[in-house]
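My questions all concern the structure below.
Each chain gets a letter, A, B, C, D and E, in the order it is written, and its residues are counted from 1.
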Amino acid sequence: MKALILLSSLGVIALLAEIFSVKKLLYPIVLLGLITAFVLNVFDWDATNNIYYKMMQFDNYAVAFTGLIIVVAFLWFLMAEGFFKEESNQTDHFALVLFSLVGAVMMVSYNNMAMLFLGIEILSIPMYILAGSNKTDISSNESAFKYLIMGAFATGFLLFGIALIYGATGSFDLSEIANAVSSGTLSSIFYVGVLLMLIGMAFKVSAAPFHFWAPDVYQGAPTVVTAFMATIVKTAAFAAFLRLFSTAFMGAHDTWTNIVWVMAALTLLVGNITAVFQTSTKRMLAYSSVAHAGYMLLALLAGNSYSNSAILFYAAAYSIGSIATFCIVNIIASAKNGDGIDSFNGLGKTNPMLAIVMTIALLSLAGIPPTAGFFAKYYILTSAFVAGNVGLVLIAIIASLIGVYYYFRIIIAMYFKESATSEVVEVESNHKLLLVFVAILIVVMGLFPDCVIKLL
Amino acid sequence: MITVLLIFFPLVAGLLLLFVKGPQVKNIALGSSILELTIAGFALIKFHRDATTQFEWNCNWIQSLGIHFHVGIDGISMLLVLLTTFLVPLIILTSFKNDYKNPSAFYALILIMQMALVGVFVSLDGFLFYVFWELALIPIYFICLLWGGADRARITFKFFVYTLAGSLFMLGGLIYLYLHTPGGEHSFDIAALYAAGQKMDVTHQGYVFWAMFIAFAVKMPIFPFHTWQPDTYTTAPTQGTMMLSGIMLKMGTFGVIRWLLPLAPLGVEHYGRVAIGLAVFGIVYASCIAIAQKDFKRLIAYSSIAHVGLIAAGILSMNTQGVQGAMIQMLSHGVNVVGLFFIVDIIQRRTNTREIESLGGIRNVNPQFAVLFLIILLGSVALPLTNGFVGEFLLLNGVYQFSAGMAAFAGLSVILGAVYMLRSYQSIMLGETNSITASFAPLETSEKAVLIIVCAAIIAFGVFPKPLTDIVAPSVDQLVAGLRVALGR
Amino acid sequence: MSAIQIIPIEWYLLLSTVLFTIGVAGVMLRRNAIIIFMSVELMLNAVNLLLVAFSSYLSDSKGQVFVFFIMAVAAAEVAVGLAILMMVYRNTKSSDINILNKLKW
Amino acid sequence: MIKLVWLIPLLPLIGFIIIGLFGKKLSKGIVGTIGSGVILGSFIISLGIFFELKGGVQKEYTIELFNWISAGKLSIPFSFLIDPLSSLFLLIITGIGFLIHLYSTGYMSHDEGFSRFFAYLNLFIFFMLLLVMGSNYLIMFVGWEGVGLCSYLLIGFWFKNTAYNNAAKKAFVMNRVGDLGFLLGIILIFVTFGSIGYNDVFEQAKNMASGNPTITAITLLLFIGAMGKSAQLPLYTWLPDAMAGPTPVSALIHAATMVTAGIYMIARSNILYTLSPTAMSVVAIIGICTALFAATIGLAQNDIKKVLAYSTVSQLGYMFLALGVGAYTGAVFHVMTHAFFKALLFLGAGSVIHAMSGEQDIRKMGGLGKYIPVTHITFLIGTLAIAGCFPLSGFFSKDEILAHAFEHNKLLWFLGVLGAAMTTFYMFRLYFLTFKNKFRGTHEQEHHLHESPKSMTIPLMILAVLSVVGGLVGIPAVLGGTHFLEEFLSPVFEASSFRLVHHLSHETEYILMGVATVVMIGSIYYAYTTYVKKATLPDAEGEDLKPAHKLIYNKYWVDEIYEKLITKPLNFIADAFHRMVDNQIVDGLVNGVGTAVNWMSGTIRFAQTGNIGFYIFVMVISIVLILFTQLF
Amino acid sequence: MITTYLFYLLTFLAIMFAIRVVSTKNPIHSVLYLVMTFFAIAGHYVLLNAQFLAAVHIIVYAGAIMVLFLFLIMLLNLNKETEPHKSVWLKTSAVVASGLLLLVLVGALKGASTIQATNTFNPNIGLIENLGKTLFNDFLLPFELSSVLLLSAMVGAVMLGKKSIK
């Protein structure tokens, strides 16, 4: 909760910085603010309380996810420094990112549909804008536009669902809804509402068949923004999704499990299979992001004691891996004027450091031990197994094999293919630091996953 | 403690090696692998020749999931640790005449792989086992990708995905067992997993059996999961091939002994005949294909499939002779195949070809090489008093107890092996020299050293295998006795 | 006399469903981005109507309060949407969504 | 003496190691001395042991060296069994082995591979000794395979020649076919008796009923091994080809010792065979068939060594006939006498070839008697011995076999006599063509003709003496002898002879001997008239032959049939497996998965049209589907 | 009764105008029809005793949002029937799809009559006082946070709208 307030204030400070011309200081202030927010967030641990008329529930679940979001945001800021160098929109960018973080925190801690809805919108609207922040680039425009239209469209369904649920239960409060579900027979419109909300949430987490926006938007948006979407937005969306369905709608799981089953399967297959043919790394990562949503859906579907920590860990592993990959893709793409896989050719020779970090990150995304990604997948599979979804486990296994297929295309390009030029890509020192840190983090998380999963 | 040292010493050495540049890299790598061998030797000295698990080290790793860092060495592990630590220095030594780009990375990867291999052999926790199992794949993948031959990207990738696919099934099987561990808390401890597996009925053990068998079958490889292997062996750099065939292959057979048999004895009993059938068919199948090979390296690759098929069949027949034979044969095969691949390497580096037909008469120029080659070849065709025979005899014995027909069919490899090995020996070494072989350079000291060590091992283990069997026999007896109990025999 | 005492809730449900569907159809049918936005607004209004109906029917003010938030969001979305549209228009001189299909496959 | 038993195999091994490692640096003289010396040492020890056994009370010693293989209840010690049978074989092996080593120092003196040759020979002796000394089947198998290896090495001794290499490979592979049977037999023995030590097995077997199917299976499997090693139908074709090796090798390995390993093995397992009449019949039938089959081929061969090779096959057939009819002693007896005279013949042939500067075709010889008298005389003795001329050694052993055959089955006897007639004929054909009439070779060859050096002729003479007197150890009772050999070996065949009782009246035996002698004289006379009086020459290459002649001249086309029936199909299968099954089907499936994924990816991605309208459309359709499936 | 008739009338108008919104070619007409739809909906609000909301609705939607639309159309000079037609096939499928959606939704929502009102009927629910209490008690937090939403929308719109300073 304190973190939420601090983040909002940071956003406002960012706006004010424009006026008071302290733009130079803004970057350190924000980083410092994030650290503070993290610390404040830690203080909320175990202080479970419903606050503001049960609008929020800042339980450990929320604290954990908030912590994750702040950490990832911190890493993201380190990676995205260049994004804030552009003089004209500097403060805007800061403010928008910080506001979207506020939305993200709301999404992980809501206890009321209004908060969920607002959280989603507060997260999404800055994203729409940031996706288009490269104003003269038509791809960026297209990305923002597609995101906005489809996002708004999906919001319509989400809201329709909320309305129906409200109609059936007379409440927006998750716990009250859960009570209503468990207390007796509800009007059939409730179940329609659940399904419509499911569709809305599925859109936000880019689950097939509501994933179409993701590849296009991810590809068109500036790379750092894509990184933000792939990590923080996805994490928040999943946390929200899980919270909604594991609390309020758990009693009605007969209604949605089959659908989520199919969605998970489709997402896994479509995401992974389509990624195989991509030539643009960014687009490939976009499809892979879709695919990763599929794995997390597995845990969501499982709905057991493992689910929460599984999704937390998966989101963490995936986000950290993505930060690294997107950072490197960004560096390479700006150095070589293109994000095609062939721009990675020979990187193993010219920039071994980048290549190694990229390899570790890709191995993590592909789920190979001893990286974090492996344990994440393992944990997800365990939860799915416990829930008895053996079929999905099989699909997930096949899908992750296909996943290896395309992740390794980059690895092969880096180490096997010859580069056209032998020039060394310049890497800023803070990026180096970030990448090394992230690489170590990936391995450490893979070796000692207990430190994360014990949280939930 | 010594077990932990065995695991992590190569890792540390490998990581440090990354920061070393210059010509000393080879020597440092060799030195550290010899040091590792010394540690293993020390362990061997302190090892009691009984069935207990020794040098155990058990600490919490992922507490919330009941995953422990639990390692220990019993007879079965000891033998494979010895194999690994014995072969790695040899393999490093074989590379002394190769000039690889970026040698520090090359040797670091080899050492890291050694760490993973040792880890696989000493793990007593299902999850830990799996992690090491997969971990072993990464260094070898990069060894093959970075230093391999033509078309390596596609081939090594296929190898990677294929084996990974298999292991994922194993992971599924392990998780399944984990979720059925008795008691309140789930655990990956080997004993708990054994208990979980053995109390299942035939059908469920069958699931476990197939899930895990596929992983091991791909690794070994057993027909029809073998098609990654010839290409990979052919394409990989010699040292990579040696690591793959000499040690990594044993992960599969070891996995069957340590993890498959006790986990699903009923499953093995019930479905094992299909697996044995595949393995035995694979023996003859691969032997036949070996006859048709023109590339010597490929020929050895196929012969390796044949050998390992027999090992698998022996293990799956679940009797003392079979399992013990498998243990001996794993060791022998490791040594022999390293020798054979080194011979290929020696020939290839001197003549730039591996085509059997285009060579000939090398014996005229280099009789010493011919003799060493012949000894290794004889070990490979399992001539008595070479190491290959002891294992093969026990294995055939084991398979025979399972089914006489199978044993007879598997025994065809005795004939076919002689056919293709002698054919290639004749074609490469005998006859008149030609333009390619006329200037076959004499053996370098390091090459001679490796070949002589290999030959010495071949003969020593063939004549006097007792020191090895003594290590492993109590554990094997205990294992088989345990299986008998589990099967209610 | 309130409508809620006479008109069954289904009717409002039906009405808002119809309006909602018309909005959906609009999004699908049209290529002009502005009209698509308007269709989305229509969808949101259908939801608003439904919420108000439920609110009255349940005699619960929360539903109506929720409508405020939807309005706020709608306003924000429209503001951002139109800004994006303007930006797109600057680059493409068109508001036809079919022009925006460079990102695909 | 018995304590030194381990020295017997060790000495040749040491010889092998010394010569193998340092042979290149040592002079030929030293190599020859070491090589022969170690064998002589072994021979002396063997002799000592022989007499110790003969004189002593204890007839059986087991010397355990170390535990070799153990797995569960399977425990195989590396140990030696010394009993009359093995000690007899030890004498034959080391004795003849020594003579041939001696001979080789002369014969091979000009060969650049001199030291290698001696190393191989010593290694061979080592393995051969293991074979006969082992106290269990697996040690026997070790020797069994080991001698196969040495045979391979020695046949392909001149490794630059592809044909020789092929012959070597063929020998090894064919032996391996038999070895597989042997190995399976051993395993079956283990499975049946829980042990593979001779003593354990035979003790248990004694109590078993005759005709036990398991025993039959074991004996037949073992016999497959014997067929390979001892060149019986249908696995005999390697032996004639094995003549590619140097002549001493043919004498030692492919006549005197290795090829008789099969006989040794069956004699050793006599109790098992006795228990299985079926197996006995099979052995006898295969034996007599081989004997006749090879003899017919021998009638038309023109290569001096090939004739001897087929004769060896044929004689081995006789030995198996003996085994098959239960005449174990007779078989061993014939092994011994055959070792004498066949080694003699081969060495004589070697001497002839030596004199002829490498020529082996008897059509180009003739009249050599006057040039190389020692060889001539000794060769004649050998020929007479193999023909079974009284009182040479061959007479007694052959007579014993035929007598037992007669007792067992008249037809077998008749066929045996027929084979003996053919043997006599082709051996004298060989003798006459080589040593009588005029020299038919080139002038250069004639100029070169000379008697071999002492190192070669002395062994010839010794062997000639042995061929003459060798039969004395087995003079049957009917001729007033005591048959020392039978008595000596009786502990080994005790259990069998208990079951096989022989009755043959003296009159019958005299008649049989008479018949045999008459037939022999007839054959010699026929050969004499044909090849000396009429001086007929065998047809030259490429001439049109009569069908029957053509058939045997071409060795019944067995090699060609094998080529068509086994080699070609095997290569075809190998190729089919490789190209079709492995590359297309098995790997094709694997790659197909990859291709399928790629194809799916290439196809599915077009669903991502980039068109918002389409995306929304799909979403709506999905929503409809979801609602429909879940709510109705 | 008058309420019923009013309901029918407003419903008819709302649906009619809504259909016109999506079917009219000229964007300006669309906007105007949408405004009309909003008025009809506002009428419904009044019928439902949500008087305050009706007023807000008119002010926000018809007054602000719609003006924004109009403004943009005029600014970008889009008030022409320039929109290229989608093919008939696409249109048909779109209509069929939405028809199906309607069918499914209607079918699914039949059971609404089972809804039980928990509170006793209170006609004053839509009055400003009631709403204010709810808004500033229960929904204070979202209310405050919606400022973040509006702020970011504002910042974003400005950022995107202004010309890049090079």
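Just so we're on the same page, a contact is a pair of C-beta atoms (placed from the backbone, for glycine too) under 8 Å apart; a residue touches a chain by one contact, two chains touch by 3 or more.
Quantities reported herein were computed from a predicted structural model and do not represent experimental measurements.
Asks: Tell me, which chains sit next to both chain C and chain E?
Replies: A, D
Asks: Spelling it out: a chain qualifies if it touches chain A and also touches chain E; which chains qualify?
Replies: Touching chain A and chain E alike, sorted by label: C, D.
Asks: From the C-alpha centres, identify the chain that is farthest from chain D.
Replies: Greatest centre separation from chain D goes to chain E.
Asks: Name the chain with the Cα centroid closest to the overall protein Cα centroid.
Replies: Of the chains present, the most centrally placed is B.
Asks: As a test of understanding: of all chains, whose mean C-alpha position lies farthest from that of chain B?
Replies: Ranked by distance of C-alpha centres from chain B, the top chain is E.
Asks: In whole angstrom, how far does the Cα centroid of chain B sit from the Cα centroid of chain E?
Replies: Taking the mean C-alpha position of each chain, the two centres sit 70 Å apart.
Asks: How far is the middle of chain C from the middle of chain D, if each middle is the mean of its Cα atoms, in Å?
Replies: 98
Asks: Round to the nearest whole Å and give the separation of the Cα centres of chain A and chain B.
Replies: Here the centre of chain B sits 42 Å away from the centre of chain A.
Asks: Just give me the whole-number Å value for how far the CA centre of chain D lies from that of chain E.
Replies: Each chain's C-alpha centroid was found; their separation is 103 Å.
Asks: Please set out, as single numbers or ranges, the residues of chain C touching at least two other chains.
Replies: Touching at least two other chains: 9, 13, 20, 23-24, 27-28, 31, 37, 53-54, 57-58, 60, 62, 65, 69, 73, 76-77, 80, 83-85, 87, 97-98, 100-105.
Asks: Of all the residues in chain B, which ones touch at least 2 other chains?
Replies: none
Asks: Which residues of chain A are in contact with two or more other chains?
Replies: 114, 118, 121, 125, 128-129, 132, 135-136, 146, 149, 153, 164, 167, 170, 188-189, 191-192, 215-216, 277, 405
Asks: What chain-chain pairs meet the touch criterion?
Replies: After working through each pair, the chains in contact turn out to be A-B, A-C, A-D, A-E, B-D, C-D, C-E, D-E.
Asks: Under the stated contact criterion, what part of chain A meets chain C in this complex?
Replies: So the residues of chain A touching chain C come out as 113-114, 117-118, 121, 125, 128-129, 132, 135-136, 138-139, 141-146, 148-149, 152-153, 155-156, 159-160, 162-164, 166-167, 170-172, 189, 215-217, 219-220, 277.
Asks: Touching chain A in the complex: which residues of chain B?
Replies: Residues in contact with chain A: 61-65, 127, 130-131, 134-135, 137-138, 142, 145-146, 152-153, 157, 160-161, 164-165, 168-169, 171-172, 175-176, 178-179.
Asks: Where on chain E does chain C make contact in their complex?
Replies: Within the complex, chain E contacts chain C at residues 2-4, 6-7, 11, 14-15, 18-19, 21-23, 27, 30-31, 34, 37-38, 41, 44-45, 47-50, 52-53, 56-57, 60-61, 64-65, 68-69, 72-73, 75-76, 78, 83-84, 86, 91, 94-95, 97-99, 101-102, 105-106, 109-110, 112-113, 115, 117-123, 125-126, 130-131, 133-135, 138-139, 142, 146, 149-150, 152-154, 156-158, 160-161.
Asks: Across the complex, what residues on chain D touch chain A?
Replies: 594, 597-598, 600-602, 604-605, 608, 610, 612, 614-616, 618-619, 622-623, 626-627, 629-631
Asks: Show which residues of chain C lie in contact with chain D when the two form their complex.
Replies: Chain C residues touching chain D: 24, 27-28, 31, 97-98, 100-105.
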